[in-house]
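For reference, chains read A, B, C and D in written order, and residue numbers begin at 1 within each chain.
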Amino acid sequence: MAVVGTGRMGADHVRRLTEVISGAHVAAVVDVDTGRAEAVAAGVEGCAAYADTAEALAAPGVDAVLVASPGPAHEAALLTAFEHDLPVLCEKPLTPDPASALRLLEAERRLGHRRVQVGFMRRYDREYLALKSLLDSGELGRPLLLHHRHRNAGAPPGFTDAMMINDSVAHEMDVTRWLLGQEITAVTVLRPRPSAHAPAGLSDPQFVVFETDGGAVADVEIFLTARYGYQVQAEAVCENGTARIGDGHGMLVSTAGRWGGTVTPGYLERFEDAYDRQVQAWVDATRRGEVTGPGIWDGYAVAAVSEAAVRAQREGVRVEVELVERPALQD
Amino acid sequence: MAVVGTGRMGADHVRRLTEVISGAHVAAVVDVDTGRAEAVAAGVEGCAAYADTAEALAAPGVDAVLVASPGPAHEAALLTAFEHDLPVLCEKPLTPDPASALRLLEAERRLGHRRVQVGFMRRYDREYLALKSLLDSGELGRPLLLHHRHRNAGAPPGFTDAMMINDSVAHEMDVTRWLLGQEITAVTVLRPRPSAHAPAGLSDPQFVVFETDGGAVADVEIFLTARYGYQVQAEAVCENGTARIGDGHGMLVSTAGRWGGTVTPGYLERFEDAYDRQVQAWVDATRRGEVTGPGIWDGYAVAAVSEAAVRAQREGVRVEVELVERPALQD
Amino acid sequence: MAVVGTGRMGADHVRRLTEVISGAHVAAVVDVDTGRAEAVAAGVEGCAAYADTAEALAAPGVDAVLVASPGPAHEAALLTAFEHDLPVLCEKPLTPDPASALRLLEAERRLGHRRVQVGFMRRYDREYLALKSLLDSGELGRPLLLHHRHRNAGAPPGFTDAMMINDSVAHEMDVTRWLLGQEITAVTVLRPRPSAHAPAGLSDPQFVVFETDGGAVADVEIFLTARYGYQVQAEAVCENGTARIGDGHGMLVSTAGRWGGTVTPGYLERFEDAYDRQVQAWVDATRRGEVTGPGIWDGYAVAAVSEAAVRAQREGVRVEVELVERPALQD
Amino acid sequence: MAVVGTGRMGADHVRRLTEVISGAHVAAVVDVDTGRAEAVAAGVEGCAAYADTAEALAAPGVDAVLVASPGPAHEAALLTAFEHDLPVLCEKPLTPDPASALRLLEAERRLGHRRVQVGFMRRYDREYLALKSLLDSGELGRPLLLHHRHRNAGAPPGFTDAMMINDSVAHEMDVTRWLLGQEITAVTVLRPRPSAHAPAGLSDPQFVVFETDGGAVADVEIFLTARYGYQVQAEAVCENGTARIGDGHGMLVSTAGRWGGTVTPGYLERFEDAYDRQVQAWVDATRRGEVTGPGIWDGYAVAAVSEAAVRAQREGVRVEVELVERPALQD
């Protein structure tokens, strides 16, 4: 595939497609800054650098496009992708204003089938997925209110009041729509007296209230200079209970007189990530010609303790464990 | 690479290497049950099935071996891998007894370099890694006690008292050794009156106490028929504080008058998994010829709400949002 | 003292003053329903029932007044108490409207000293006190936003939209003012589509937004038919961190990269309530001529186990405990 | 009543009986250190100081005795109380050894009725009571294991290994017996290498294992120099689930695939303590001739905000709040 834009976000996607994702190969990268594109391409086997998107999308091995260029460049990149009928993953924002988004809507309609996925990645977060799944199950009844908290440790240089809406609260716009399956019909923004830590000219924090066509109300605390870390939380208040995510506890549900979370049913759910990381670490080490992780000594020591423990279990006594001396190779 | 053993664990590793892991290709699978091997091989492009390990390890494209056959078969498989000097990831247990483990230790010594990683996958779990990293930092001082809880929803059929030690508590043996960097020197096992839900002949739960050569004490509750789910917890009691994992909260540390956890510093730490899952989902859908996830309509709706919100912010009033009619293609 | 009003709240205060509070004696109760007043007075030694407040407040042994009559009757009761210059604890609301409250303000001014405490009892809740104390310490910097949640299991019969404000949200008005030390300057109320469980005619839940003269914004979710229980939560968002109460965890503070709570420094803080309850239970049992709680048998059994444990500790062995037969008296 | 012993614990009980507990009056205090007894008596109206227990127990107004003298003096004090047939609350330990406890058991048998409550105050802690009540309900099935943690910030000067058992672990002996309704039949003590912060000569922490006549196993971590605070935790592992107290979360129960706690059903359960503290604070201030807490100004401000909020609610607009100037008296 091709990756359009090789800035921070684009370069990270190239790394992801190459080192993390299974089943993808980056054959072309595009950037108006050709030096940057070439530097990224140099790190990927069989990847060429381009200055022109149309040329890159026509290159061999390009069956899909990831667009990570700045927002104002998205419309042109997507129209080029449509000419080649390529599937696109387009970083948010789709475009900087509704008029250009409408033009893309019309272009995709002419194409006759959907080709674009927009990078609202919160829809792929485990906790948001759990909340969505719970709401969709109907178990808690209809959602009435959503409370969102969106806190950053600090504001990037040059951040403006409008960027708080367009770049930050945009996430809550999407998840409000997605979680509820409703469109937002009205917006109110309150601006408390800014924090002493807010950069000059930025009214931080702000408090945004959405109303939806389903009669729900959603509020968003957006706070860029929260200082203590990054925290994204959401709470759905429903007819039969409430559910909250983002506390670092998994999803907490309050219903029928109890609050709490779920216990994983088995080891695969609990340790699935550990299995994946173990095998990826082994594959990566093997490709580097290295051996890492627990070795034969560890297998031996556990076998020796197991043997002693089975005797302790059977005989009801304390059993001492004897190990051979640890060979130098196993340190 | 080759995968030896295509039972539940082996087949899952083939799936992982093929669909999840980046940079690996399964070229050979081996099983004495050739039908099973062939069924697994059929699902992987360019993968052949073998009944004989030596033959499989000599096949083209085999630079590494994952051993997932039953424990008693591990020694032979590893010795074969040593003949080809191949790196091995060997599922636990390394071997069923210390004597055979010692023979492998000697074989690897003759080889002259480490070739084997044993599948103690808890060392790759995020929470165990966080605990290990905290203990190694010295921030909490020397660890004095470890409390382990290991609860399964139910015991597999045919599980015996000895298997509770060899298959279940073996994990706690390894993590005790790894977390402390100490060897276990003595074992005691207590058997309370079994639960009414324990299968006939199984003394479940049991309580195991380890002493180590560093003077620490570790206790393990092993409970196979805990019924309510799978729970693996560990608490380290140190000179300056305690740290606990496995409550579904991340790691909780108590020190200097406070208990609690960390807040992620930024969005990459918080949403790294969501980014990975988003791109993997897009790659997978693209390979299936499908488009899923949020589309242009979602990008448009967020742009329209953003435009209204920026006006609400600037003018201090409630602003209504107007959307065009949703096109059929975008449903 | 005298208690004016012997309905549910008044009768509960008489019980509290008689059975829980140290240093108070209820000498007079007043109610227009004389039967109800007499029934309550009958349960308290040396307590007389009155139909007329003026008469009750002139009775011997009345040095203070607790007013628990309905809100519209408060003004008259307080003016009578002012004539006797008695200290008053007046249940909330002080009066049903600002005009009558202003008349009381003027009456107290003429008296020349404060005589009235209003029953905003949340100011005496441990968690609210902890939050107030944290905000006042300045450790988290200036508070910028307050998020309140106020959920009841169900609405009392006959509850109206106005009562949601006057009876329920009144608590959040007071704690917002008290926590911030600021007055509220503007109010907005949003009404999402009501829950299917809301009684006919009640728009439940509602979402209320306060602005204050210090530039803070506070929001209140008021939800009377939350069904799953009673939940009152508050979160203060400050310049250097956030603090949340009401989750059933004590106060959780997020600051400087960490979230969490405090560990009690010693056993008195942890078990102070248990000591109080133990002694109150013993005093109550003694007054009833009964002996309850752990007895000599328990003291003996612990002494015997202690003796065995000290030997086990000294000798490093398992020691069995021998008890005499338990006497019938000790069952 | 009389209080025997006016050291730290005894003086605190005199304060509790006088200022906190309803329905008790301390008429006599006894101490061999007569100066200490007189100092304590001086602070309580109608209380006399004695050097001799027999004389004190015969004094007018003494219907019950609280014994808070050192353990070795308990036997004599209780026998004197038995002569007057007085109910006794005796601080733990009942006596320092099983032989003297047996003599008291026999003395009470001769008396023919129970007269003694031993001060195992954990049985009156809300969380232990909740755990006991859950276990007794049978909902979780039979308890199989108990895990206790008992951590102090630091060891008192002169603390010995034996005192760790007799003074500290004694609490866990009692609650193990009480929670399970079983007697302890065997004890094992393990001593890990001591913390660097343990006082010279103290082997701290230690790990104690109890076996009971019901076939349960209970373990106790006792750690006196845990430094970070005071933490007492207990976890019951039962056939159908586990329950844990002491994390500062209330009781957490894991059962049927979920973990969590209960939500209070109503405001009385949630704010009962706040109501009690409010009225006690008012009674105490009244007795001191003071007025504290929220006053008429607060009642007025809430009435004014309520009036505005009801209009905001009805008319769907933002409503400003107008307050009169705050009078000096109300500051």
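Criterion: a contact is a pair of C-beta atoms (placed from the backbone, for glycine too) under 8 Å apart; a residue touches a chain by one contact, two chains touch by 3 or more.
Note that the structure is a prediction, hence the values are computed from the model and not measured.
In terms of the stated touch criterion, the partners common to chain A and chain D are B, C, listed by label.
Of all chains, D has its CA centroid at the greatest distance from the CA centroid of chain A. In whole angstrom, the spacing between the mean C-alpha positions of chain A and chain C is 44.
Chain centres here are Cα averages; for chain C and chain D they lie 21 Å apart. Residues of chain A in contact with at least two other chains: 188, 228-229, 231, 248, 254, 257-259, 261-263, 265. Every residue of chain D that touches chain A in the complex is listed here, in rising order: 252, 254, 257-263, 265. Every residue of chain B that touches chain D in the complex is listed here, in rising order: 141-142, 144-145, 147, 151, 188, 190, 192-197, 205, 207, 209, 211, 214-217, 219, 221, 223, 226-229, 231, 237, 239-242, 247-248, 254-259.
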